[in-house]
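See the structures that follow.
Here subunit A shows up in two complexes: once beside subunit B, once beside subunit C.
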Partner chain A sequence: MHFGPHLLLAALEGLVTSAVLALTALGLSLVFGVMRVVNVAHGEFFMLGAVLAWAISTAISGHPAIGFLAALVLAPLIVGAIALVAERLVLRRLNYNPEATIVATIGMLYIIQQLALTFYGPEARPVEPPFSYRILLPWFGYSGYKLSVIAASALLLVATWLVLTRTRIGLVMRATQYDSETAQAFGIPVDRVYGGVFALGAMLAAIAAVLIVPISQAHYLMGQDPLLLSFIVVIIGGLGSLRGTVVAAVLIGLSDGIISVFFSPTLAKIIATFLVAMVLVFRPQGLFGTESR
Partner chain B sequence: MTEASPAKPYALHLGVIALLFALSFVLPDYHHGLLARIMVLAVFAMGYNMLFGYVGLLSLGHAMFFSAGLYGAGLTVYHLGWNVPAAFAAGLACGALLALVIGLLALRTTGVAFMIVTMMFAQVFYLVILYFASWTGGDQGLVVQQAARVLVLGSGSLDLTNPTVRYMSALALFSIVLLVTLAIVRSRYGRVLVAIRENEERTKMLGYDTFSNKLIAVVVSGTICAASGAAYALLFGYVGSSFASVQYSILPLLWVLLGGAATTLGPLIGTLFMYYVIDITSGFTSAYLLIVGIALILLVLFFPKGILGSIRQRWLGWLP
Partner chain C sequence: MTDKNGFFDLSKSTLSRRTALKGLAAGAGLAVAPGFIRYSQAQSSAPVKIGFQSHRTGIGAAYGRWYEKTTAAAVKAINDAGGINGRPVEVVIEDDGTDPARGAEVVGKFATQHKTDIVFGTLFSHVVIGSAPAAGEAKIPYFVVSEGHHVASTKLNRYVFQPGITDVKSQIQSMAPWIAANAGKKVTQIFPDFAFGYDHRDYLPPALKAQGADVIAQIAIPPTESSFTKYFPQIPAETEVIYHVMVGPAVLTFVKELGEFYGSNRPQLFGFMDSLEATDINSPGLEFLDGSHFWEGSPRYAQPDDSAAQKAYRAAVGIDDNGAAVGDPKDVSTASHMFGCWETLYVVKKAMEDAGYKGPEDRAKLVEATEALTEFAEGPEHPQGPKTFNGKIHQCFGIQNISKVEGGKLKVVHKTKIEDGLYEPEGDYTTQAL
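Entry: the complex of A and B
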């Protein structure tokens, strides 16, 4: 293959990564933006979504599309419910103290990971894609499913944006993010908003995982990379900014895809992680973020 | 902290050291070996406590300082054939230098950003170890040969692979670090660190240079952790990348939280307690991470001050 088509292939792969990453990172960013806490267990909610997708799609017989659609609806709901319970039982009692929350979510990370290992096992398991149509380009055939992942992610991102900017729920969330005490004074149930946002963040990660699982398999350790990458995206994009998150996800996904094709993936990760740490040191508000109040 | 006579805390610490010394002669082989390992790792926890407990800086990247010591000592022995004291010094130097650089960068941030930045630098360090697998052995690690782990003293020599020598070396390192920590936290400098933890702005207003005080604390903390890592490489003869992974940044946090942050003996108690909990429960289940996870959550929920922290609050106000 020539350089051009090779680059196109790398870019397409990068866009698929970006699509999934944008959803995952958006979940992390919402939780940070509204609740001002860092959820270290976010990657495990992602993993849980993938593992549940496998469980649901194998439990339902018939055409793979039926099982996949069921997983796409059920897995995020279950993950959201688990996140809600965890939030009510633990985070609320910690009064959302940022440092205690990090320690507690590290605890959740270990618990979820160990339970997945115990009940799901150490194997990586595939989920059959709902359809296997190949789009023929002049130079190579490309999986239609991968393109539909990009489309689905774009739709979900637009939907989230509409909810945040055009609905009452979004208004309540933004008010809480802007100033939780004043919001409370105006009769907004801040406590319940926090619970909802935490569940929503976990659900976004779970949806992203269900979308990616027909491409890469479900495994109990698969939450680590998305967590780190989401951190990177959220930091570069500016904490709590939706537009920045999407731009950064595309940037990171594309460069990750392209660098990994031409260099060693470990080197790519070293460079990316180091650069992001430097961004955080010298520009803590992110490349696109505005000065925090 | 109430003003107490200096004799009481020193008597207590010397008592703990004497107890550990006496235990060496009565413990069965298995627990003897385990306790030696716990003492080395308690040094790691004490280094972590220096920064987390006294300065209030929560780092999620201390595995890099531990493994800087581990690899600094391990690689110089393995590839260059250095002797034990030189390799130990190399480990310390690597840790101190790394801590200085990381401190200069990471201390520009505060709070959550500090945690994430330290975690990311540690991740870079971990990936670098994997990337240079031809020298570091990657995730397989390296085994330091028994012949290289002999401490030559004048005409005689000490074989660090001998269980008794190993125990006594671990105890010696532990005692030195314990007494040094005690001296630091009781000194004027220790009080400044606590003042920074309680209210950095006010400390600054009182005329203290908080940045350089914090930087010194990072370097001291990193060097103690590196000492633990270097001792681990030389005493137990294994150098591997798993010690640089995120998990080894979180474990000292867990040990310190459990034992009691900002208590000098807390790190030992936390490490001891956690090791034995895992040791006992692994008899029933292999799911020890589950226990670590539940312990972390229960700790932050119900005992945010840890075992010794709670004891100090209720009964013994003079505990350092």
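Entry: the complex of A and C
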């Protein structure tokens, strides 16, 4: 294959990775930014989203698009509810202590993963894409659905940004992130904001999973890679920074796509991890992060 | 210390006539109960304990579940027919997490804690290679159903056997003539980047060369990879056949993305069923596979010429004519590999009976008795087909099936002969000390 089409394929693959990664990492970043909780179970909420998408889309007969749209709405809501329960039952009782919540979310990771193995099983199961249009380029074919994932993710990112910057809920969240004690003194129900943010973070991961599941199947171990990559993105972009997260996701996604097409996927992972190390050494707050107070 | 409740007052616990009669009746009842009599000729009716190292979790979990089902069916059949040497068989299952380090621990646990007679099971080659030294150290026979060439390479040790499934080197050698003659001469290989994949990487090129065909590119993919399109540009344009063998939970994505990349304008495809084990061949996006060919160990779909033994085996394991679980058409089996569990257990039974096996002190005798085996006839104990066994390299050799995807089913179009897959032994385990 010639260089031009080769690069185009690499960029397309990279953009799909970026799109899903940006949504997942944004959830992780929000939770950390507002609550100062490192959510190690984030990848499992991603997995739950995919598994639920399978369950919902197989339960609904008819055109695959109906099942998929139902999954796109219902799966994140269910995952959000589960996250809210987990937050009330576990994190709140630990007073959001940073060390304790890391251990607690590791526990949640294993509990969710093993429950998925018990009730869903070890198989990788497919979800039918809402439409299967194959775009025929002169050099290779490409899945039309993959392109729509990029568009959907961009829309969702814009929507999240609007919520955070233009609405009262966003204002309350930003106030809590800026200084939770002062926010509380001004009558913001910090406790409820925490619950909402944790659920929202999990929902973003679940939406990303529903978008990706027609491309790669639902499997109970699928949460591990997104978790690792999300951490990489969030560290490079700056914890708690929306803009940083998106920029870093595009950077990591594209470099992953291009490096793994032209060289090897292992090299792409090595470079991403190396970038994290360099960012931590020279700019510990991340590319767009602010110094912690 | 006072004994208020009279726990230690022996005078209180007199044996009444009624209790004594009850006990006698229960004893007599047990003796006539079915099952008891059959084992009664044996000197010891303690069960033969088989430690089953299973991929319950990790990337091999789908295989693990079907290996457990097949093993349970085989053990039930063996026990219903009187067990091994008149003793019932009991299976103890431990999860190896599809992880080599955990696999070695599990073997140690069977040897020292459960004190099983043998260790049996597992598929993934890196787990077998990681566990084999532990079996050798504990001097416990380790029967694997792994397909890889590692046992036959004689690089493991004298306690490791693979008597139920043909190794990859032999499979490739027996199928290469068909590939070169029917699919094409310029072959690009796609394989997983670990031990099992390396068997394909190393043995396909010479086998094809002998048939006048060439491997023009080799693409290794990490077994945990979840997206594959980025590898496909490495496939040279002049490729006539893509030879693919993938493992792990993402196999369906792999095949689907291959379809998206090529569409109907694709090279010939020859795949190992591993690329689609436990996956419905009629999943959305796999239409392009129609007309392509697969290796199958034991056919997934019932064939018109299935033997009575094959039919009985499928019924016992509980798979329907489409190779899915009876009652759940979405639960597709790992038919190409799991028959090996059934056959291996019958080899263990035969070897234990030949050795007059009584307990762990006879493990060395069991190893020698297994090495003395040479042939397994096709039948209820070996439903996949006849096999020969080479005791020097601890490996069996059987027939392979090449199946074509036709109308959403796999139809066997070619069966190799045992002789096609024989090769010069690379060593001799029997020279190693026991």
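Quick note on the criterion: the second predicted complex is superposed on the first by the 287 of 293 C-alpha atoms of A that agree within 3 Å, B and C clash if a C-alpha of one lies under 4 Å from a C-alpha of the other, contacts with A are read in each partner's own complex, and residues count from 1 in each chain.
Quick note on the criterion: a contact is a pair of C-beta atoms (placed from the backbone, for glycine too) under 8 Å apart; a residue touches a chain by one contact, two chains touch by 3 or more.
Everything quoted here is computed from the prediction, not taken from an experiment.
Of the two partner chains placed by superposition, A:Pro189 touches none, neither subunit B nor subunit C.
In the superposition on chain A, A:Gly141 makes contact with subunit C only, while subunit B stays out of contact range. Contacts of A:Ile215 after superposition on the shared chain: subunit C is touched, whereas subunit B is not.
Once the two complexes are overlaid on the shared chain, A:Thr266 sits against subunit B and subunit C alike. In the superposed pair of complexes, A:Pro122 makes contact with subunit C only, with no contact to subunit B. Judged by the touch definition given at the top, the superposed model places A:Ser132 against subunit C, while subunit B stays out of reach.
Once the two complexes are laid over each other on the shared chain, residue contacts for A:Val276 go to subunit B alone; subunit C is not touched. Subunit A residues 117, 266 lie at the interface with subunit B in one structure and with subunit C in the other. Contact residues on subunit A toward subunit C in their complex (touch as defined above): 1, 6, 9-10, 13, 16-17, 64, 117, 121-126, 128-129, 132, 134, 136, 140-143, 215-217, 219-222, 225, 257, 260-261, 265-266.
Only residues 56-59, 61-62, 64-65, 222, 224-227, 229-230, 232-233, 237, 249-253, 256-257, 260-263, 278-279, 283-285, 330-331 of subunit C touch subunit A when the two sit together in their complex.
Put simply, subunit B touches subunit A in their complex at residues 58, 60, 105-106, 108-109, 111-113, 115-117, 120-121, 123-124, 127-128, 130-131, 250, 253, 257, 287, 289-290, 292-297, 299-301, 304. Within the complex formed with subunit B, the residues of subunit A that make contact are 38, 90, 93-94, 98-100, 102-104, 106-111, 113-115, 117-118, 228, 231, 235, 264, 266-267, 269-270, 273-274, 276-278, 280-282, 284.
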